[in-house]
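I've put the structures underneath this note.
After this come two complexes, each holding chain A, first together with chain B and then together with chain C.
Take a look at the complex of A and B:
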């Protein structure tokens, strides 16, 4: 199995070949779907890699212990991202294309959950929202002050797409830089301080931009 | 730019015009305003208010000089004397208009006086104002010869956008609270968005990809915006922008306190360039019928 994984890793980082961003990351493509299937069955190697660090990157320094966030549905990140190995960017699809990572629409949940685990109480709750045609009012966990403008797409580009040694399947390790081990949580909690010093530690170590007007404007 | 960086690079950032100024530019955004084309309609002012979340302060505070217009149109009269016995609020003829916004000086007088380095020069050649760093000492405003910095004496946002008007606020930049200085940024949020887009596509930013709101709105195209880096070395690889072409055409050079042009038909001038501020906004003089 790990052989197949390596094959895939090789495909993403094939030297000299530029693959369009959407195709490389998109799980909607056939290759992406295959990657999902592989990821589903490759829990063991994934778990072994959990402690590994991202190549060509120094993560920011700092920890924080955030409060529990009472979400309308207790969304289990661990079941989705860890046990089933679904790529973060499958649901948070805007992370690679825009400033915000995006909360998936209920239709995306229903894409799987109209057939999977329909008897579970949380899914019943979800189906209720879906039938009422009403979005669950998710609460924001990682909030920045209004004078800070963080861009997801550029960070994903720098650490994932411009980083040939990191296969796209392991994007969650990059997400974990700022979001902590979401994979091990049920409802997401804030684990990193997200202060300016925290950002700075990473920008300094990775030669990020240092212009005030990059983030504050 | 952390504190350590500021301390390390202090001399680099604080270099005067005589020492050659700050030179590590990636871009140098500049502007040309043709006063012959300007009709004084004020569309640019409205555009600026809409784009940059400028507070509407009301008549009384306006009279107190608290207006937050980053871009203002100044009026001048050719014949200030209306003649004997003629009393009028304004004249019917002879008005000329001067749109004034931050001149983004290369040797800005506001920068060295800031006690907390909230205003500094960016590698884009912009004169930046970092709101969350500003402590409201107002030194910069007092040291600006153009009087183009505006101070939030009150929390204007509380009354400026009563619901549902707050929905029109631009999310790409901060809504400033009281105690903070602000000024024209050449619509830095647009510059950054265009630059981010170019970086995502692994290419360089090209001329005309974005415009500040005032330039975009001007109905007579009196304003031209562009990169004027390497103004004097057009072959150096930086795009030969329309703005740079106008600067060259009117023989106005950066880094000078006095221009040496001989041809009286060349209309270009910079405001207060004798003060050694090296402004990056070029005005083209109005041609009058005499």
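Take a look at the complex of A and C:
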């Protein structure tokens, strides 16, 4: 791990450059140089984004403009995470324990909202669900195909718990790698492509595991 | 554009575009959309248990109900769904192992052909109704108001045990009927009868692990005969150093036969003669004392010296001598006799001759132990065979029943055509089928009641073959029922009982309540270490088994009267071997695609039937692998594709059991043939069991293989120089590896 920290402690890592082109058998040094130039050039506009507020990490690159997903209750992520500064993992408590982050159980919502903001229309809606003993049917915003094995647990471990320079209070910066600026949204919207290239760029830049079967198993 | 038509220029063009795409992807231009947002629902728990974490499975203990062996199971449950089963290491029946049928029970649970609501026959068609209507109908037809005498009711089931058996018996007593037919098409009924007569215990424990040599007359104990997972664990011990020797004599090579050190093809029905010849050799060559045997048995043994037996059985005198020498020098030994030996008119005598060897060799009490002493006889497994099917058909013939219940058994499928069971059933006014699937029997029923799967139901099971530490195995639901309009078998029995004995059973809202009460009533000696009934129950549910102590009892060795008959090959030229396999068993697993897809261990055929024959037989018929043949008995004909294999006696034609379903869902229906259909109705003389290995058939080739291939894994039986099984000659071994 210390090797990774040395490599990526600064903000000047260029993921596009990390491909050791010169090592590829059969490539002449000229071709290697050309490829390097092309890669640098093509990635130049994104280079500014590569910097991150998370130490010892290079965030994945790419954006995606997701559609609005109407949820049964318009849950305001901004009020919870930004205004009140609640840690993401307070509600998405499974993220550090399991492959899925988990939608918080209704009982968790009611833990606070049996006393807080009980007069607000969304909370009244929530209370109705609770009293009917029926959890809301949320719609999935972030999903991966079934042939992709992704685990939140390992990613949170690598970027938060094994990263002493990142206070756990700032975990939302790590979540934002793949989920975008959820803090500024009400209901979540997909902001990152979550494609294989997207995953790969991050694994490359952060020296993550690179075997096919790590994800396709 | 196919590759061979692609020109060089076009090829470069495609390559060029690919290169551009790669560059772009490297800089993360989103080129594809992954999974659509807002399409799928994700529902959180309302208030989960503390230990529940989405994405992480929790393992729960339960019991496999696929057959009567009663193996303990651990099931992985994630997000409220059971996803994977493994054996429960706490169960001494299977010691953490599970067979393919147990694994595939997931597919019985998630099967798309499950019946989801009760159905009743109206104007010849099955129509969906609600449970309240079904119960009202039951009350009218089988309740006290039906006015029927108890003897007019009958049940046909597969092996039942535990508290389900107790409730069923209670219902039988409540109405006053004795007609409970336990029908198992693949069974060891004749073996049990011989054990009862000669050992004084119809279900002795087979200590395969203690034997140093096993001689098995067609007992496929690793795959289809008895408690196979338990046998396999013992077999593994048998094979560890000092390595035991396995000899298998049978007309068609089984999985156990394929594992044998010496496999001998024996003429169908001649197993008894072979056993007598071995006894003869043991006395003549190895000085074993037979003088204490009954005079007529001694006489029979004397009648078959190895040369005479060789002529009758087709097993060479040299082989018989070798088997006798092995049995003589390696003690203790174990002699078993299975289905091919049992299924003849004199099957009992074949098995008795095999048991004689156990007595002569002194195995009784050593490798055959008493299985008696289970403290709760009312819970013990109630099993059966084909005699029950014949008895049931005879009773139908005389119009003995007004109401028949079916559960687990599918007699319309397993009965030979000659029995005309379907026609006879038509004479029963009201037939009720408790089932998960619309099988052939359910199709004949007037009321079809959908059962929960074994992974949704409560129950207790007592293994047909108890391990040394006897046990009761607990079955608990691993998930909510997939279909709310299904009921557990125990709950259905309770509902039936409440029609008759309301005051006695009114206290139990459901079968769970009944089981809790029954567990509370278990003797205090079983509950040692538990501070309360609640704790005892919780522990039992966690562990999945309750151990009830070692059995007690000893076996007697008494030679019962028997007379071995030589096979008389009359009529048609070949003997039909309806062979059971571990995949489809008697056909009950044919609707599970995993088991259809799993190649037969011998022929490697998938999703189909085949006719297995020796190359000599095939040459006589003029058939090659994949040709269609017609197999005709006195009672009908079936057609199947030929599979040629040397592990056959040339007089026998084997057709596997399990296919040829006319109903039973999309995976089973209309696939292959059912050899049980063309069996004759000859019975075993002493036990009345069906002589299922005694049907003579004529085989004729009807077509070449055209487009219609025998689908099997592995294109060739030859190694083609690939050294799949490395061999070395004896002298090279002696030179390089042997002792100096």
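Following the convention adopted for this analysis, the second predicted complex is superposed on the first by the 165 of 217 C-alpha atoms of A that agree within 3 Å, B and C clash if a C-alpha of one lies under 4 Å from a C-alpha of the other, contacts with A are read in each partner's own complex, and residues count from 1 in each chain.
Here is the rule we go by: a contact is a pair of C-beta atoms (placed from the backbone, for glycine too) under 8 Å apart; a residue touches a chain by one contact, two chains touch by 3 or more.
Model, not experiment: these values are computed from the prediction.
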Superposed partners chain B and chain C on chain A - clash or fit: clash
Chain B versus chain C as contact partner of A:116, first or second or both or neither: neither
Superposition-derived comparison: chain B or chain C, residues of chain A touched: C
Touched partner set for A:157, first chain B, second chain C, both or neither: first
Which of chain B and chain C A:205 touches, first, second, both or neither: neither
Chain B versus chain C as contact partner of A:104, first or second or both or neither: second
First, second, both or neither for A:216, with chain B first and chain C second: first
Partner chain in contact with A:79 - chain B first, chain C second, else both or neither: neither
Stretch of chain C, among 254-262, 308-316 or 416-424, that runs into chain B once the two complexes are superposed: 254-262
Chain C-contacting residues of chain A that also contact chain B: 145
List of chain A residues in touch with chain B within their complex: 21, 145-147, 149, 151, 153-154, 157, 200, 204, 210-214, 216-217
Residue ranges of chain A in contact with chain C within the complex: 16, 19, 38-39, 42-43, 46, 60-64, 66-67, 69-70, 94, 97-100, 102-107, 130, 133-145, 189-190, 193-195, 197-198, 201
Residues of chain B touching chain A in the complex: 1-2, 5, 120, 122-123, 126, 128, 130-133, 172-175, 185, 188-189, 192, 196, 199-200
Chain C - residues contacting chain A, complex: 23-32, 34-48, 53-56
